[in-house]
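Look for subunit A in each of the two complexes below; its partner is subunit B in the first and subunit C in the second.
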Partner chain A sequence: MTLAAQRWPAFAEPIAGRKRPGARTVYRMELAKMRRLIRVRVIAVLAIIGPFLAVAALHLQSATPGDTAFGQWVHVSGFAIPMVVLGFAAQWIAPGLAAVVAGDIFSAEDHFGTWKTVLTRSCSRGQLFTGKFLAALTFGLALGLLLTVTDLLAGLLAGTQPVVGLGGQLVPAGHATLLVVLSYLSDLPPLLGFTALAVLLSVVSRSSVVGIGGVVAITFLLQVVTLLSLPAWAQLALLSTPFQAWHGFWAQPAFYGEFSWGLVTCAGWFAACAAGSWLVFRRRTIGVAP
Partner chain B sequence: MRRSLAAVLGAAAVLAPILSGCGSTGITAAPLQSSISSTFANLYVLQQADQGNPRPSLRSLHSHTGCLKGTPAMPQGGSGNWLCYITYYPSGPAYPVIAKYKVDVQTDGCYAADGDGPASVNGSPTITGPHYQQVINPLALIDGCFDFT
Partner chain C sequence: MVAVTEAGPAETGSAEALSAVAARGVSKWFGPATALDAVDFTVRPGDVHGLLGPNGAGKTTLLALLFGLILPDEGTLRLFGRTRAEAGAGWLDGVGGFVETPRFYPYLSGRRNLAVLAGLDGGDAAGLIDAALDRVGLTGARQQKVRGYSLGMRQRLGLAAAMLRRPRLLILDEPANGMDPAGTRDLRTALRHLARDGVTVVLSSHDMAQVEEICDSVTVLHQGRAMYAGRLDAMRARAPDPVWRLHTSDDGAAAEAARHLPGVKTGARDDGGLVVFAAQDRLDDYVLHLGRGGIAVRGLVLDVTPLEALFFQLTGDTAEQAKEVS
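Moving on to the complex of A and B:
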């Protein structure tokens, strides 16, 4: 039996005014899933209250974290506190936090065996990849911006006295606020680079353990490599170096060479990881025992 | 996958020491000396202000620095422990003072300089302000950075 052209059942008709789902639909779906993840909520809560707890902890004792830049000034100026936090957290913790989402966003579908389900929906592999990738980047970006705001507020709460910069100059409150914000923003490119790296590991390995743990391992390895006396060009090519580029903002006169090279480095790592992820994902066989 | 990750880590561990042979680290005496001279001068002015003394002008200090890594015969470059002698003139051109610092330079061009004499300048971690309050001696530990690119 065949149906006349005008007699298709209503559910088979495209609903008037509604487009086929695209990358945007995937993106919004992923964000909705992300908001319900316990670990994402825990990270968000920690990012909001963590800086204030750090300020409170500093107030309760008189010792200073002396072996880092700005460490000796944490009791003198509130602007020193976000910079000590940034110097430590950006290098050791932030990549792992970004990977908690990015290192899992593809491999979770492997874990739950849901690729066949999502790929039979009416969007292409490219749209699915784009949506998921953008969702992972959104998390990294949101985390970085949230920490910028909360760390700055915690610092302002602790005191707005002028702070001694890395050229020995006294930086007044207004300029110090600007420098704190710029320093935090300058750590976003490497954070997005690590996000792309986590996606690559997650896509290639199909395992969230490698996607998240691999990034943590690489973060630690890069910190060890940084200690070696590498030539300047090799040092600049490491994805961990741009995390420190903000030091130059606080010098007198300020310098931006490390920051500019960092942008190139981050763009290179980002492009390589994104392209690698897509090439592997595009050619992946799904639904067959590996 | 674990194996390939281990291979990457292994390759990095082998490559890194080989790479360190080709090209300058960008960490040399000249930028370190110029950075620490001006940073010291700024902090000396701050120290005098903290103590309630008249504020000297940066210009009049004429601070200049010589830094050495190990012995003069050793290659003068790279991160690690440097020794810097900062000469400045707080009371006129006829009376130079030399402040000594042990400087730990990191691979990213940032350094921590630990005061090593004279004790009255950089020996004590705190100094006494005009109202007998104790404040941090800005010259005891100097943090600074220079561009290594």
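Moving on to the complex of A and C:
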């Protein structure tokens, strides 16, 4: 059928039941688009099978990662395994994985040239920004929670013997399960902070390479900076520091000061990145050059 | 060059209130570059209005302003009698279309792209997707990823996406770009049908012949200025003689013969033959005169229509330059 074959009577009628869409609609659309992305599916599969592969790899070798927290106990207790994975993955990998979506969710529209398409619909810039930002956060949260579940399950599969805590105390299975979950949850705030940072880089640079690669580079840089003898306040201000807050949960006696400071640090980074992203996005000229 | 508009200042107030689009003194600068310079034009409801001009004339900037993608630095723009400040979030209610080539998510199918856009429109737009795809002839390609679409298919998908909004005002930037001749013909017919159903259409083009076929009114832009804004028939009345390309058995004698005929002017073409400026009846006399003088006419082609000639006058291009560009 051709363009001219029929008239467009249905399209000329008054709009029926149109309710102005809001940020929630944008959020839903972004999640629908996200589900279609191959890289999102790959990350989800890796997050599910990765911990089990890690358990299998640890079982195949007699040596232990003794220089990391809980490393010496990986052949003794299954609870040590998710903590070793957390100590490594949270600081080096998770920010980059979260940035795969957050660092691309705005700049992909620049790359595809689709800002003009979506901004000529019924949603405002504010609604688009909110919906996209929430979708990026949702991916970061979902990734963190998925890793919590799969890492814990992989650990339980390896064994439920009591584990030795960081204060040398023996932690029984039930309490160890709780501490593993709390440790993973305590890494969500910095993960969301890195998500907001990825969004900022994506908005400012309009480039997914910068949005994703920038976060990976900053993650490495922060790890290097952590090795320097910085004043305590400077250490606490780094976005990577809260990833270590769970150490206090496993101490004897337990302490939560670092976790509380970490929340403040993450909130500060998050607010600054979110506000900066919005200010840049709100003033942006879309799609027309002289 | 002198800018011409149909309506004088006294008429503009009531016209703006009744018009689908009204621009008054709209200017836009990008740094030191002037994209639009005090542009005035009005589009009546139900008209097909052409924004005409060479590349860089300001057509796309003007369309981006209509969509609110950018803001004017000076002047007032009204859609259906309301400024953007007055309309607020409802500025684009009843407005659909695209600026530059329609762009979509390449990793999604045509249908899923429309589903995303319909979601952003709200209401019952999603229920129109299949009908819209059918109308633009993309039913067979609806499940195909957009990355595999040709330019013409994207233009069709852009039209379908615009129609999901059930627009009272349809704004299209070079809509025939990339379409094959049949698609272009269908597009013209579709736009006329839409106008008959009460939809106002504003489209940009650099092709005068295309605009001449489907538009009721036109704004000619050149270097950001509106050189003409008004009805197409009024423009026709001002149009100069058409330009013809003539090849004869003796071009020198043919040029000499033209000197003795009123209303006929000739010039030599660089590639041989003559360029003839003459109305149709004068040209008929000229051709008969050549025949009686024993000069054979080997080729006669309409090179520039009267409206094209006026367009070139308004935009300061010579016919030859414009032909090279087009």
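Definition applied: the second predicted complex is superposed on the first by the 271 of 290 C-alpha atoms of A that agree within 3 Å, B and C clash if a C-alpha of one lies under 4 Å from a C-alpha of the other, contacts with A are read in each partner's own complex, and residues count from 1 in each chain.
To be clear about the criterion, a residue touches a chain if its C-beta (ideal position, glycine included) is under 8 Å from a C-beta of that chain, and two chains touch if they have at least 3 such contacts.
All values derive from a computational prediction rather than experimental measurement.
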Which superposed partner A:Ala32 touches (first subunit B, second subunit C, both, neither): second
Partner chain in contact with A:Val164 - subunit B first, subunit C second, else both or neither: first
Which superposed partner A:Arg282 touches (first subunit B, second subunit C, both, neither): neither
Which superposed partner A:Gly248 touches (first subunit B, second subunit C, both, neither): first
Touched partner set for A:His59, first subunit B, second subunit C, both or neither: neither
Partner chain in contact with A:Ser122 - subunit B first, subunit C second, else both or neither: second
Partner chain in contact with A:Arg41 - subunit B first, subunit C second, else both or neither: neither
Overlap of subunit C and subunit B interfaces on subunit A (superposed complexes): none
Residues on subunit B engaged by subunit A in the complex (per definition of touch): 1-2, 5, 9, 12, 16-17, 19-20, 22-27, 35, 38-43, 46, 78-80, 107-110, 112, 136, 138, 141-149
Touching residues on subunit A, where the partner in the complex is subunit C: 1-21, 25-26, 28-29, 32-33, 36-38, 112-114, 116-124, 285-290
In the complex with subunit B, residue positions of subunit A that touch it: 66-67, 69-73, 76, 164, 166-170, 204-205, 207, 210, 214, 217, 221, 225-236, 241, 244, 247-248, 250-252, 255, 257-258, 261
Subunit C residues within the subunit A interface of the complex: 30-31, 33, 35, 60-61, 64, 67-70, 89, 92-108, 112, 115-117, 119-125, 128, 131-132, 134-137, 139, 156, 159, 161, 163, 165-166, 182-183, 185-190, 193-194, 196-199
